[in-house]
Amino acid sequence: MEAAQPLDGEPAARVLVAGATGYTGALAASLVWRHPRLELVGATSRGEAGERLDLLHPRHRVPVVLEELDLGGAENVDAAIVAYPHGAAAPLVAELRGLGCRVVDLSADFRLSDVPEYERWYGPHGAPALLEGAVYGLPELHREAIRDAELVANPGCYPTAALLALAPLAAAALIKDVVVDAKSGVSGAGRGGSEELSFVNVTENLSPYAVDGHRHTPELVQELGLLGHAGPVTFVPHLLPVDQGLLSSCYVTLAREVDSDELMALYGDRYDGEPFVELVDSPPGVRDVRDTNACRIHVALGPVRGRAMAFAAIDNLWKGASGQAIQNLNLMLGLDETEGLT
Amino acid sequence: MEAAQPLDGEPAARVLVAGATGYTGALAASLVWRHPRLELVGATSRGEAGERLDLLHPRHRVPVVLEELDLGGAENVDAAIVAYPHGAAAPLVAELRGLGCRVVDLSADFRLSDVPEYERWYGPHGAPALLEGAVYGLPELHREAIRDAELVANPGCYPTAALLALAPLAAAALIKDVVVDAKSGVSGAGRGGSEELSFVNVTENLSPYAVDGHRHTPELVQELGLLGHAGPVTFVPHLLPVDQGLLSSCYVTLAREVDSDELMALYGDRYDGEPFVELVDSPPGVRDVRDTNACRIHVALGPVRGRAMAFAAIDNLWKGASGQAIQNLNLMLGLDETEGLT
Amino acid sequence: MEAAQPLDGEPAARVLVAGATGYTGALAASLVWRHPRLELVGATSRGEAGERLDLLHPRHRVPVVLEELDLGGAENVDAAIVAYPHGAAAPLVAELRGLGCRVVDLSADFRLSDVPEYERWYGPHGAPALLEGAVYGLPELHREAIRDAELVANPGCYPTAALLALAPLAAAALIKDVVVDAKSGVSGAGRGGSEELSFVNVTENLSPYAVDGHRHTPELVQELGLLGHAGPVTFVPHLLPVDQGLLSSCYVTLAREVDSDELMALYGDRYDGEPFVELVDSPPGVRDVRDTNACRIHVALGPVRGRAMAFAAIDNLWKGASGQAIQNLNLMLGLDETEGLT
Amino acid sequence: MEAAQPLDGEPAARVLVAGATGYTGALAASLVWRHPRLELVGATSRGEAGERLDLLHPRHRVPVVLEELDLGGAENVDAAIVAYPHGAAAPLVAELRGLGCRVVDLSADFRLSDVPEYERWYGPHGAPALLEGAVYGLPELHREAIRDAELVANPGCYPTAALLALAPLAAAALIKDVVVDAKSGVSGAGRGGSEELSFVNVTENLSPYAVDGHRHTPELVQELGLLGHAGPVTFVPHLLPVDQGLLSSCYVTLAREVDSDELMALYGDRYDGEPFVELVDSPPGVRDVRDTNACRIHVALGPVRGRAMAFAAIDNLWKGASGQAIQNLNLMLGLDETEGLT
């Protein structure tokens, strides 16, 4: 691998990115590469080792050669970001944890504390023993636990936006019922060719999918439950003709009457000082947050009495995946949470 | 104007399209031009008279010169499609009705039977006396009345999709609460430059708008009310980066438990024989209906008990505007409802 | 197969579409299905037999079930449109010709009269004996031969636009040198998933490809040669972020001084009466011809002395493939050339 | 204006951005704002003073309030980037120069040394006396002069890409004839609504424009002339359905035979050490350079003898405008040329 970016003094951590060829892994490698306090000590690929990352993903301009994973020399790895598919991640995470590495895992493998629920959606779990120590990596909900964690399960892109949109209401026990109509850009489905994701099928199109149940639903239910909302969640994703960007439109039947001032105060208080949450006065567009780690939220009482609406826009690859991974890593390493992300 | 398309014998009607330069007016002119039983006797423009329609809208290839409106020779006009802006349409419609022309009006001016409600959203009404005779032109709800009508108010694009998605549930008194999350392509906002609708602002973007109330809501409420649903409707539109296409995702809290068979039967019975409603087994994409007058509907009980979901996709310029106008005109003239639309 | 569209009396031919699942085959099946004088007697698929065509390609709304190819009952097939990949087409064409069927072949297999040249680009030729009787199916160049042909090789999309742009100049021996900078929508690359054609890779992108030689070049050279231009052709294609549409920008170093009147007259004379060639006064956009069989051409003397420029826009799936196949079939069957195409 | 980004010590210059509401002005303000050595002392707008820049251009996240231009307090302005329309820029530039400010002007007003040529394309020149001291701001051609300049005319987006593609050939006197077929994203046409640039007109479209002469041609001719190419240039731009990105495909008739090694050496030598020129082995896509100041160039001898082809991709807003302005400013201020641009 070539010389890395110049750092501000000694690196806070030497970081491995495992699975750096997909959209999220490549962006994670790029963010580590550019991070003023982290050193990218390796970027691995199972299928494309030997290729240059900057040929696969020109925009990131990370001039490193992808390597086969070899944990033999892992004594010089302090932390790892794992961007493996669901199921394949767990064994690698277990191995890395066994070597003492801190890990942020981008897969779903450690997001759900309930193993049967996990296995219903994703198949057999490869390392259930690690679940107890894993922290759900949404800093706005679990910041202190993330600081102390050695294994962080990075949330799904849909849950990230929906939870940030709904957390203040859930925490105030205001959600009687909720519909989350979510729309995501195509990069959320990962790299690799499939006819469904071909340009011809996606352009000038829009369609709902997984209407009978999407595997991000249990994350939403689990985390809203921890915040105090016990009920079910109606969640329907749609495939958008955009590359990056995700919007969650959340429609809440309120548990009691709330006026606009109270609603604004709930959100203002909860997100006061949050570096990546932007409360805005008008509905956000996904372009507003493209290539940033921001989550823009607009909340309003709609014209229908008893219904609040919250709209949250993120870049699915940043706050919905790799940007959030860096945010988590910063917290785990005691760095400023925003470092390398602005 | 040049010679029209060859007709199958005598035309059933000589049709004027007033306001033929916008997206809906130009498509209406094109559909009349190609219609085997209609003769396009004029296409007018307030701002672009003298120009050729096929230069303004090349794809339609309608080689007619736009004219100033002049009702002096209106004795040879049997019917008119009016594609004027809201407010400007009513006086022209009144004049055309005074001359005995049958009219399909694409504006909102005759959609709402409640004048104060109309005026709240659109300003002073220019011809309230005509409201009593006007029929809301959604054939799937009002076919017989349309056959007998001399003035048909063509529905808005959003209400068209949402009403077709929800009508079977509303008629069965099954809607306790409903959220309509709608997404429309840019042509729904009409022709003409505005920065908001520029390519740079729209591409790779998506945003909700009019979240505090959109003027298509009262149409939805009025028509669902006629079907038997008395309550409010939460309706939020979103601007999509597509040119043509509209999807309504409707989330219904059911008034009572329903099983899947009953749900399917409700929709199957209601839309049996409907030429333009397509019930499909999986969620529709807006590309599936592009440049057609079809409305594709997928209905399902979601994984959350007590909630049904209905997704309806249309082309906002066809079934959401000009295609439906032709469908209405066919009915008013005693022609086959599908003529010129397949 | 279900009942076909009603025909105007007896069909002029019973037509098989072999390979109806790709973009061009499916459009060919749709155009035959809707054609007032043709009967679609079968639509075959090598990989997706048993599936409904209207599920694979909803927009076409052709309610037929795809079949395995079985030429046992081919006595009721008068003509076939073959939409097989290059190389795979030739043996099937040979078989169909052996049964007496007229054939329009969408592949490159019978476009090049020079077998070694063919084999250089496409590999071994499967039926060279048929080449002598094959006619290059660009009606504007070879109309009379097509009328008499039993095997027509439908041109490539790039050559179609470039040849129509350049033919008048070539025929007048005015081309000293020529550069064709062509841009095509993604459907030109065919259906099926590949990462290169994924939405994420194509949107907000544009790139040249095959700059060291594209296999459509020999078609261009062959046909320009027949018209009288003996020299080489610089041809470079670019991949556009559009689904359908192709533009050829042709820059000609003129063999002698020409004034604008002479240039216009050359094009006007050559294309006078051509039903699908539209000479226009300003540069065409590919949207102008979307979903039509038209080729729009704008020709001009540029500001640089001695250089003419011709821009030709087509829909790569229509005039660049399946629309032109129907045009050819109409000619072969003695029908009006435009039937089923307007 | 709110507190600016923290700087690395004293700012090297206090910079005013005049005309910060368009795409290029807003990006320039953002780049100054984020620049480690520059201080943004003001961002002005003629029509939108009082508005927040981060509401107009959310993605840039520059939390400053736009001001009316007021040069009364200009003693604290060391340098200015002027993003006014052609014609309007010259008087302001003259005023700023009178106050001793260094200026980078994004308009065309000081690009052409030949006043009549300027006036042929842009109308009367507002400050011809300043032309003599103005330097054409393409660092790869005029780096040393830019270092010493107090007024730099930032090049047009099209000339930037075409000149970088062609400079090595021009300097080696290898261009006998040249065609530049250029394709630009919509942001190149500037902000503001016009129907031509509306999403509906641009999506799924592509068209040439200004085929009878584009005002960027004289820049190309002037600069190629300085490099040694005396002849005319055929330049045709096309409007692409992308927001940011520009590709120039250049077709050169060589003045003498050149082999591939010589060609590669010409480019390799010329661009050795250039921080923003990337020579690549395969044709570049505009996505590869999006949101960067890079120019990616692929040069090749095509299959036609005597013809070289060079393809250059840039982001029209970065290397084609505001990124290059910062590059120029860095040079003028004696800073590292890449500062604030990586």
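In this document, chain identifiers A, B, C and D correspond to the written order of the chains, with residue numbering beginning at 1 in each.
We take it that contacts are C-beta pairs under 8 Å (C-beta built on N, C-alpha and C of every residue); 3 or more make two chains touch, one makes a residue touch a chain.
Given the structure is predicted, the values throughout are model-derived calculations rather than measurements.
Undergrad: As a test of understanding: of all chains, whose mean C-alpha position lies farthest from that of chain D?
TA: So the farthest one, by centre of C-alpha atoms, is B.
Undergrad: Contact counts by the stated rule: is the higher one at B-C or C-D?
TA: C-D
Undergrad: Counting in whole Å, what is the centre-to-centre distance of chain B and chain C, each centre being its mean C-alpha position?
TA: 37
Undergrad: How many angstrom between the C-alpha centroids of chain D and chain B?
TA: Here the centre of chain D sits 46 Å away from the centre of chain B.
Undergrad: Approximately how many whole Å separate the CA-defined centres of chain C and chain D?
TA: Result: the chain centres lie 40 Å from each other.
Undergrad: What are the residue numbers in chain A that touch two or more other chains?
TA: If we look for residues of chain A contacting two or more partner chains, we find 201, 203-204, 241-243, 285, 287, 290.
Undergrad: Would you pull the chain B residues touching chain A in the complex into a rising list?
TA: 177, 179, 181, 183, 185, 201, 203-209, 211-213, 217, 232-234, 236, 238, 240-245, 247, 249, 251, 253, 283-287, 290, 298, 300, 302-305, 307, 309, 311, 313
Undergrad: In the complex formed with chain B, which residues of chain D make contact?
TA: Going through chain D, the ones touching chain B are 23, 186-187, 191-204, 241-243.
Undergrad: Along chain D, where are the residues that touch chain A in the complex?
TA: Result: residues 58-59, 61, 203-204, 285, 287-292, 294, 296 of chain D touch chain A.
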